[in-house]
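Two complexes come next, and they have one chain in common, chain A, joined by chain B in the first and chain C in the second.
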Partner chain A sequence: MAFVKGLKCRECGREYPGDPLNVCDFCFGPLEVIYDYVTISEVISRDRIAGGPLSIWRYEDLLPASAEDPVDIMAGYTPLMKAKNLGKRLGLNNLYIKNDSVNPSFSFKDRVVSVAATKAVEFGYETLACASTGNLACSVAAHAARAGIDAVVFIPADLERGKVIGAAVYNPTLVAVDGTYDEVNRLCSEISDNYPWAFVNINMRPYYAEGSKTLGYEVAEQLGWRIPDHVVIPSASGAMFTKIWKGFNELACLGLLDGVEPMPFGADQNTVHHPAVTTRMHMAQAEGCSPIVWAWENQKNQIRPVRPDSIAKSLAIGNPADGIYALRVIRESDGSGYAVPENKVVEGIKLLAETEGVFTETAGGVTVSTLKYLAESGAIGPDELTVAYITGNGLKTQEAVEEVVNPLLVKPMMGSFEAALESRMAAGV
Partner chain B sequence: MGVMVRIPTPLRRMTHGADKVELEVDDLSQMIDKLESDYPGFKERLLDEEGELRYFVNIYVNGEDIRFDQGLKTSIKSGDEISIVPAVAGG
Partner chain C sequence: MARQRVRFTFSADMVREPIIYRLGHDFDVVTNIRRADVRADMGWVVLELDGTDDEIQRGLTWVADNGVRVDPIAGDVIEG
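Coming up: the complex of A and B.
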């Protein structure tokens, strides 16, 4: 069962019932789920989690939907791998990769959509919808197929082919909008006012966003109920960044982390910071769309929207709704932000692939290049426990790395092969 | 003919359910003042104590975010379509 008490405006504190609402009627602030943590603390335990399914639903006590009959394509429980080779290259002896690119629809979005879709079905919706930079469209279409309901997904028309096909294959109504993601978002917000659809990132948003907390829980569980010294996370709207932080703090407050005493959540559940949570949160954005990092670098408290112009399309949100909250998390955790030069994005993709055998999309390239910067600048010490979140799959953004294809072209004859190999070796490549 | 303002769901309670209203105004500040006089309480939903647009409120003129133009001083003309849209999470 879900231990949800209701919704609460993050800005003015007004409370609302646990309905399909996302915005405060009074100040337009975002609504967040409020939990009954007292009851949760009575039922939750490491053993109970360990006995749960091998998906995000093992953390059902901390999710805002019931796990009795979830819309589940087995999101989550993805590998956390020690990255010895990449670590050696960067001078980091304690580096891990959270490989979330191997979710069922090949991005972390399956975590949030599984929660949103479950909630949508619970509310009685018959259509699941979203505005998407690509990965969300794939996940919404996949979950709607699993739930046996309709899907309508809206994407910018210039998306990478892998994402368009990766969504279309589940047979949703695919709407390609001639505009940026921010424009798609605006259109969808207006559509959501007039159609009885569950837009996962609009009227389902409070529930949807909570799914990202499982990225924090899983890493802690996989590290033996410890949290890292540093995490590096790609950011677009900033929502996932804030939820990983929230996940770490929930575990600490509930006494689930090793050697950490529980602590009451206090009046504001969404800003609780357990002193044992010393993880430094580092944000990765691409230079062509880095409004949150810009605000951090320039010590601003507000986010100035930008018009995105980046190869990392899944991070191309110029008007990030959770930007100010993500900015606060950077500051509170003594973390940092880095805007990766556009020409270093592909370098990051190749570095991860060549050292660890993990093929990530452009957002992952941004993450790895940020990690490299942090290691080289000394922001991360050689022995500090560091986790880099790789949240999307490289097969979806193949256009970005087509230059890597340079095969030896040979006839089916031994002589032809040997000549080609010799010639390649002589060229030293 | 005036400008057409689309009203988002959270504000429709104030407009007695209307999803759009038509106004005769020259700029966005006038638009907000007119909405306030027709529907008292409207202004404080959109602007903070300093009179700035609230962070979570986006206003678009014919689809263009006013923060890329002149903000609340952005001029508008007859036939324009104004959208008031709450911020939306990432995708």
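Coming up: the complex of A and C.
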């Protein structure tokens, strides 16, 4: 069962029932889920979690939807790999990769959509919807198929074919909107006000975003109920960044981390910071769309929206809904932000693939390039426990790395093969 | 009548312009500010607009044409 008490405005603190709402009626601030942590603390334990399914639903006590009959395509419980080769290259002896690119629809979005879809079914919705340029569209369409409900997915008309197919295969109603990014954005916002659909990241957003906390829980559990000294996280809306931080703090407050005493959550659950949570949160954005990092670098307390122009399209949110809260987490955790030059994104993808055998999308390239920068600048010490989050699969953005295809072209004869091999070796590539 | 919730973001050179006053004065739109943070170098305002669909759209087009960014209140809803 879910231990949800209701929703609460992050700005003015007004409380609402646990309905499909995302904005405070009074001040238009974002709503967040509030939990009955007293009851949770009485039932939750490491053993109870270990006895749960090998998916995000093992953390059901800390999620806002009931796990009795979840919409589950087995999102989560993805590998945490010790990255010896990449670590050696970067001078980091204690580096791990959280490989979330192996989720069922090949991105971390399965975590958040599984929670949103379960909640949507619980509310009685018959249609799951979203506006997306890729990963979210695939995940929404897949989860709707699993739930046996309709899916309506809005995409820009010029979206790459591979991404369109990745969503269309699940047979949603695919709506290609012929307009600018801003126009698509505005239209979808208006549609969400006028149709009785569960838009996962609009009216379902408070529940949806909570799914990202599982990225924090899993890393802690996989490290033996410890949390890292540093994490490097790619950011678009900033929601995942804040929720991983929240996840670490929930575990600490509930006494689930090794050697950490529990602590009451206090009045504002969403900003609780247990002193034992000393993880430094590092944000990775691409230079072509880095409004949160810009605010951090320039010591601003507001996010200045930008028009995205980046190769990392899954991170291209110019007006990030949770930007200001993510900025606070960077500061509170003594973390940092880095805007990766666009021409370094592909380098990051190739570095991870060549060293660890993990093929990530452009967002992962941004993460690895940020990790490299942090290691080279000394922000991360050689022996500090560090986790880099890889959130999407490289098969989704193959066009970004087409340059790697350079085969030896040979005739079906030994002589031809040997001549080609010799020529390649002489060229030193 | 229609109602729309929007967020205006002002750059430094627009912060001193009475955009919201003129939106209510020059268009048949009622403006209702709910939250704002306006500083010397930038600012934002979230507000509710009441009027006919056409008049709200005409007003928002005028606001955008004057260099103010207009967004849904919940930020970008398109995700990767």
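Just so it is clear, the second predicted complex is superposed on the first by the 419 of 429 C-alpha atoms of A that agree within 3 Å, B and C clash if a C-alpha of one lies under 4 Å from a C-alpha of the other, contacts with A are read in each partner's own complex, and residues count from 1 in each chain.
Assume a contact is a pair of C-beta atoms (placed from the backbone, for glycine too) under 8 Å apart; a residue touches a chain by one contact, two chains touch by 3 or more.
Bear in mind the structure is a predicted one, so any value in this text is a computation, not a measurement.
Look at A:V23: by the touch rule set out above, it reaches both chain B and chain C. By the touch criterion stated above, A:C188 is placed in contact with chain B and with chain C alike. In the superposed pair of complexes, A:A209 makes contact with chain B only, with no contact to chain C. Contacts of A:A388 after superposition on the shared chain: neither chain B nor chain C is touched.
Touch criterion not met for A:A400: it reaches neither chain B nor chain C.
In the superposed pair of complexes, A:V329 makes contact with neither chain B nor chain C.
Contacts of A:K313 after superposition on the shared chain: chain C is touched, whereas chain B is not. Residue overlap on chain A between the chain B contacts of one complex and the chain C contacts of the other covers 11, 22-23, 26-30, 130-133, 135-136, 181-182, 185-186, 188-190, 192, 201-202, 205, 236-237, 302, 304-305, 317, 319-322. Across the complex, chain A is touched by residues 4-5, 7, 9, 34-35, 37, 39, 42-44, 46, 48, 69-80 of chain C. Within the complex formed with chain A, the residues of chain B that make contact are 6, 8-11, 13, 19, 45-46, 54-58, 60, 63, 65, 67-68, 83, 85-91. Taken in their complex, chain A has these residues touching chain C: 11, 22-23, 26-30, 109, 130-136, 154, 156, 181-182, 184-186, 188-190, 192, 199, 201-202, 205, 236-237, 300-302, 304-305, 313-323, 363, 392. Of all residues in chain A, those touching chain B in their complex are 11, 22-30, 130-133, 135-137, 179, 181-183, 185-186, 188-190, 192-194, 201-202, 205, 208-209, 236-240, 302-305, 307, 317, 319-322, 324.
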